[in-house]
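First chain written, first letter: the chains are A, B, C, D, E and F, and each begins at residue 1.
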Amino acid sequence: MGKLTHFEDGKPRMVDVSDKRATVRVARAEAAVKLTPEAAAALKEGGVGKGDPLVVAQLAGIMAAKKTSELIPLCHPLPLSKVAVEVVFDEAAARVRITCEVKTKAETGVEMEALTAASVAALTVYDMLKAASKGLEIEQVRLLYKSGGKSGTWERG
Amino acid sequence: MGKLTHFEDGKPRMVDVSDKRATVRVARAEAAVKLTPEAAAALKEGGVGKGDPLVVAQLAGIMAAKKTSELIPLCHPLPLSKVAVEVVFDEAAARVRITCEVKTKAETGVEMEALTAASVAALTVYDMLKAASKGLEIEQVRLLYKSGGKSGTWERG
Amino acid sequence: MGKLTHFEDGKPRMVDVSDKRATVRVARAEAAVKLTPEAAAALKEGGVGKGDPLVVAQLAGIMAAKKTSELIPLCHPLPLSKVAVEVVFDEAAARVRITCEVKTKAETGVEMEALTAASVAALTVYDMLKAASKGLEIEQVRLLYKSGGKSGTWERG
Amino acid sequence: MGKLTHFEDGKPRMVDVSDKRATVRVARAEAAVKLTPEAAAALKEGGVGKGDPLVVAQLAGIMAAKKTSELIPLCHPLPLSKVAVEVVFDEAAARVRITCEVKTKAETGVEMEALTAASVAALTVYDMLKAASKGLEIEQVRLLYKSGGKSGTWERG
Amino acid sequence: MGKLTHFEDGKPRMVDVSDKRATVRVARAEAAVKLTPEAAAALKEGGVGKGDPLVVAQLAGIMAAKKTSELIPLCHPLPLSKVAVEVVFDEAAARVRITCEVKTKAETGVEMEALTAASVAALTVYDMLKAASKGLEIEQVRLLYKSGGKSGTWERG
Amino acid sequence: MGKLTHFEDGKPRMVDVSDKRATVRVARAEAAVKLTPEAAAALKEGGVGKGDPLVVAQLAGIMAAKKTSELIPLCHPLPLSKVAVEVVFDEAAARVRITCEVKTKAETGVEMEALTAASVAALTVYDMLKAASKGLEIEQVRLLYKSGGKSGTWERG
C-alpha cells in the first residue's frame, strides 16, 4: 500500500503479473470538456444530423483504449473484452461529458484503458471545436469504479 | 469562425491544408494531476533517485506527441521539430504539473500534439501512483499558447 | 514503363525519390460492398439515427489513410494534406459505395493512401454487417484518378 | 440475427464478449487482383528469382492480420495462433489470387483478421504493379470459411 | 530440429501454435554498446542527476518489447506478464551493458521480445551519445536463458 | 561536441531543429548475425527457392526504418525518401551480413533509421533460425557513413 509498485530499486519496470489469476475485471472512468460560449454554440449548431462530432469522439475513445499499452510505458498489453464510450452534450452545464467502460479477463486491471479512452475522447472533442474557440479545458479525468482482482471493488466516494 | 471546420455537409473529414503555407508553428499546453495525501506521500518517498516516476511521465508525453495523428481521427500527420515536456511535483499544492511545448514547420498547427503530450504524461503519472491511491484526478488540460499560421498568436488570458 | 520499379536486381526496396520535386498530388479511389438481402435489411433498419454504421466506416477509412506506409511495405511515409471519405448506401443496387480523396504535397503520389482508405472503410462495413450475413463481398477496389508528379494526370477510362 | 450487434441505442461500441468461452476459431478469406495485360507482363518478367513481388505481398498480409484491431474500430484485440497467406499468379485468368487462414483461441472470431490480411496483400500487389499499370482492380474480397464459437461453422456456398 | 519452422513449402507463415499449451515462459537477453572515449566521457559527465540517459534507454527497451510482433514479421502477438530492462554503465570496460527479462503465459516463447528490448535499448543509448561520437558499436545481442514450453530450459553455455 | 544534446538541465527532450535547413541526408549502417554450424546448415538447406528467409529479414528492415521514431524516444518523425536493405549469407564467415541505406530531405539526419533497419533485419534473421539454434549472436551494429547537415560527411575509419 502506498508504494510505487512500478519501481524496483528505484528503476521502472513492467510489474510481474504471472502469478496472478486471470479474472474478469471492469473499470469505468469519466472526463469532461468545459466549453466556452462560442464552442457551445458551434456544437449546438453543427452537431445535428449524421456524422455528429460526438460520434467521432466516441470512436476515438474506443480505438484509444486499444492503444493504452503503447502509450503508457509500464502498462501490460491486454486483450479487451468490451469497450463502451458515451459522449453527451450537457448544454445546461456547458460541458461535454464522457463516460467509458472497459472489461477484460486478465491478470491485471483496465483502469488505465478506461482513463485513456476518456482522455482521447475529450481531446477529440477539443480538436473538433478548436476552430470555434481555443479556450476549452479538459477536466475531471478520473476513475469512477473498478472491480476484479485481489484488490477487489473500488468506487469513487 | 465558430464553425465546425472538420465537417462538410455534416460529414467528418481531414481538412484540406494544401493551399496553406508551411510556416513555423508553436503550441504550449498544460495539465495537472490532483494528488490525494497517500499519492503525494508515495511520490515524495519514492521519487528520489534515478528512474524517478516524473521522468517516465515526461518520456511518455514526448512519445505521445508523435502519436497524435494516430489517436485524434481528423488530425494531420505532421513532422515535429521539437517536443519538450516538463513534469514537476508541486508539493504545496498537492499536484503534479505538466507543461509541454511542440514546434513544427508545417501547413497546420500543433495544438493537439501539445495537448496530447500533456494528457498522456498525466495519465502516466496516474498509472504510477494508482497503487497508492485510485482517487487521483487529471484537470486543467488546456492550451496555453499558440503561434504561427493565418490565425496568428493566441495566448490564454 | 512496365517495370517493377520497387525491385532492383530482383530485391525489393523503397524507391529513392530524393531527386523528385515536392508537388501537390491528388488521388481518388473507390470500393463497393455487395450486400446480401439480410445485410441490406439490417443496414436499412439500423442505420438511421446518430452513430450510423456508415460514419464508423468513414472514420476508419480516414484513419487508415494515415497508416498506409505501415501496411504497404515499400510505401513512403508521407504528410497528408487532405483525406475525405464518402460512404453511401445504394439501396437500389444493394451496395455500399465508398469514394476517397487524398491530397499531399510530396515527392511521390498518394494512390496507395486512397486505395487503403477505401479498402479499410469497406472492411469496416463488412465488420458491422457480418452478424446479419457473412456472405458480403468487397469488389471494385480501384483507382479513379490521380494528378501531380512527372507521370501527370490519369483517369479511369 | 440480422441485427447490427456493434450498436446499442444507435451508438457504436466494442461488443462485450466476456461471457463467451475461449475456443479455437478459424477463418479463411480470399481476394483477387485483376491484372491488365501490362501488369501481367511486368509480373511475369519481374517475378522470377528471389524477392519475388508475391512474397512481399504475402508478408504484408501476415503483418496486416496483426494490425486488424487497430484498423477496424470495433474489432477486439486478439492473440493470433496462426496466420498463413498464399499469393499465386493465375496467368490464365490474368489474376493474382490471395488466400488467407487465421486461427486463434479466443472469445470471438477472426473473420476480420483473415479479410484484412487478404485486402492488404492485394493492396501490396497493386502497389508493386502500379508503375506498369494503374488500371488494376481488387475484387472478390470475401470470407470462405469460419469455424468455432456459438454460431458454429459457416462455408461459402 | 534444424529446420526453418517459419517456412512451409518454401513460403513464410506464422506457425500454428493452437495445439500448444499456454504455460509460463521466461526469456533473458543481453546487449552491449561499445563506447569510444568521447562517448564514455560524455556519459560520465552528463549521466548524473535525474533524467539519466540510461533511464531513457531502459524505458525504450520496455516499450519495444511490446512492439515485437509489429517488428518481426512472423512473431505471434502475445500478452506479456513482465518486462524488466537493466542498463548499466560499465566504465572499466567502456561499455553500456543491457539485460532484459520478459515473461508470458502463452503458447509460444518470448525470446524475440527479450532480444528486441535489448536491441532497442542499445539503439537508444547510441542515439543519446551520437552527438559525442558516431563510432559506437552495438554487440553481443544474444539470448542468455529461456524456460517453458516443450523445448524446455536453455541457457547460454 | 561531446555533449548530451538530447538533455537540457538534466532532462531529456526532443531537440529543436526548426532553425536547421532541410537538406538531403544519407546514412548507411550494417549489422551481422554470427551463425552456429546448425543455423548455417539450416539456412543453406532452407534458403533456396522463393520466400527465402533473407527476403523476410530485408522487408522487416525496410519496414522498421519507418518505425524508428516510434521506437527511439527522442527521435524526430521524418519523411524518408529511400530505404534499401541488403541481407547476404556469407557462408565462409558463418555470418549473415546486413547493410542498409536510408535517405531523407529533412532538418536532421537518418543515422538512427539506418541502424534500426539493420537491427530489426538482424533480429528477424535470428527469429527465423532460432528453431535450429538459440546460440546466434548479433554483432557489429554500427554506422558506416553519413552525409548532409551541418556536421557534414562522416565515414567509419
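Here is the rule we go by: a residue touches a chain if its C-beta (ideal position, glycine included) is under 8 Å from a C-beta of that chain, and two chains touch if they have at least 3 such contacts.
The UniProt protein names, listed by chain, are A, B, C, D, E, F = Cyclic pyranopterin monophosphate synthase.
Computed from a prediction, not measured in an experiment: that's the story for all the values here.
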Where chain B and chain E overlap in contact partners, by chain label: A, F
Touching chain A and also chain E, the following chains: B, D
Reaching chain F from chain C through chains that touch each other, fewest steps: 1
Listed pair (C-F, A-E or A-C) duplicating the B-E contact set, over half by residue number: A-C
Greatest separation from chain F - chain, by CA centre: A
Separation of mean Cα positions, chain B and chain A [Å, integer]: 15
Whole-Å gap separating chain A and chain F, where each centre is the average of the chain's CA atoms: 36
Computed distance of Cα centres, chain D from chain A, in Å: 31
Chain D, residues touching no fewer than two other chains: 11-12, 50-51, 55-56, 58-59, 63, 67, 70, 73-74, 79
Overall pattern in which the protein chains touch one another (line/ring/star/complete/other): other
Every chain pair meeting the contact rule: A-B, A-C, A-D, A-E, B-C, B-E, B-F, C-D, C-F, D-E, D-F, E-F
Of all residues in chain F, those that touch chain D in their complex: 50-52, 54-56, 58-59, 63
Interface residues, chain E side, partner chain D - complex: 8, 11-18, 69-70, 73-74, 76-79, 106-107
Chain A partner contacts - residues on chain B that touch it in the complex: 1-7, 10-12, 31, 38, 41-43, 45-51, 53, 56, 59-60, 63-64, 67, 70-75, 111-112, 115-116, 119-120, 122-124, 126-143, 146, 154, 156-157
Complex contacts: residues of chain F adjacent to chain C: 24, 55, 58-59, 62-63, 65-67, 79-86, 103-105
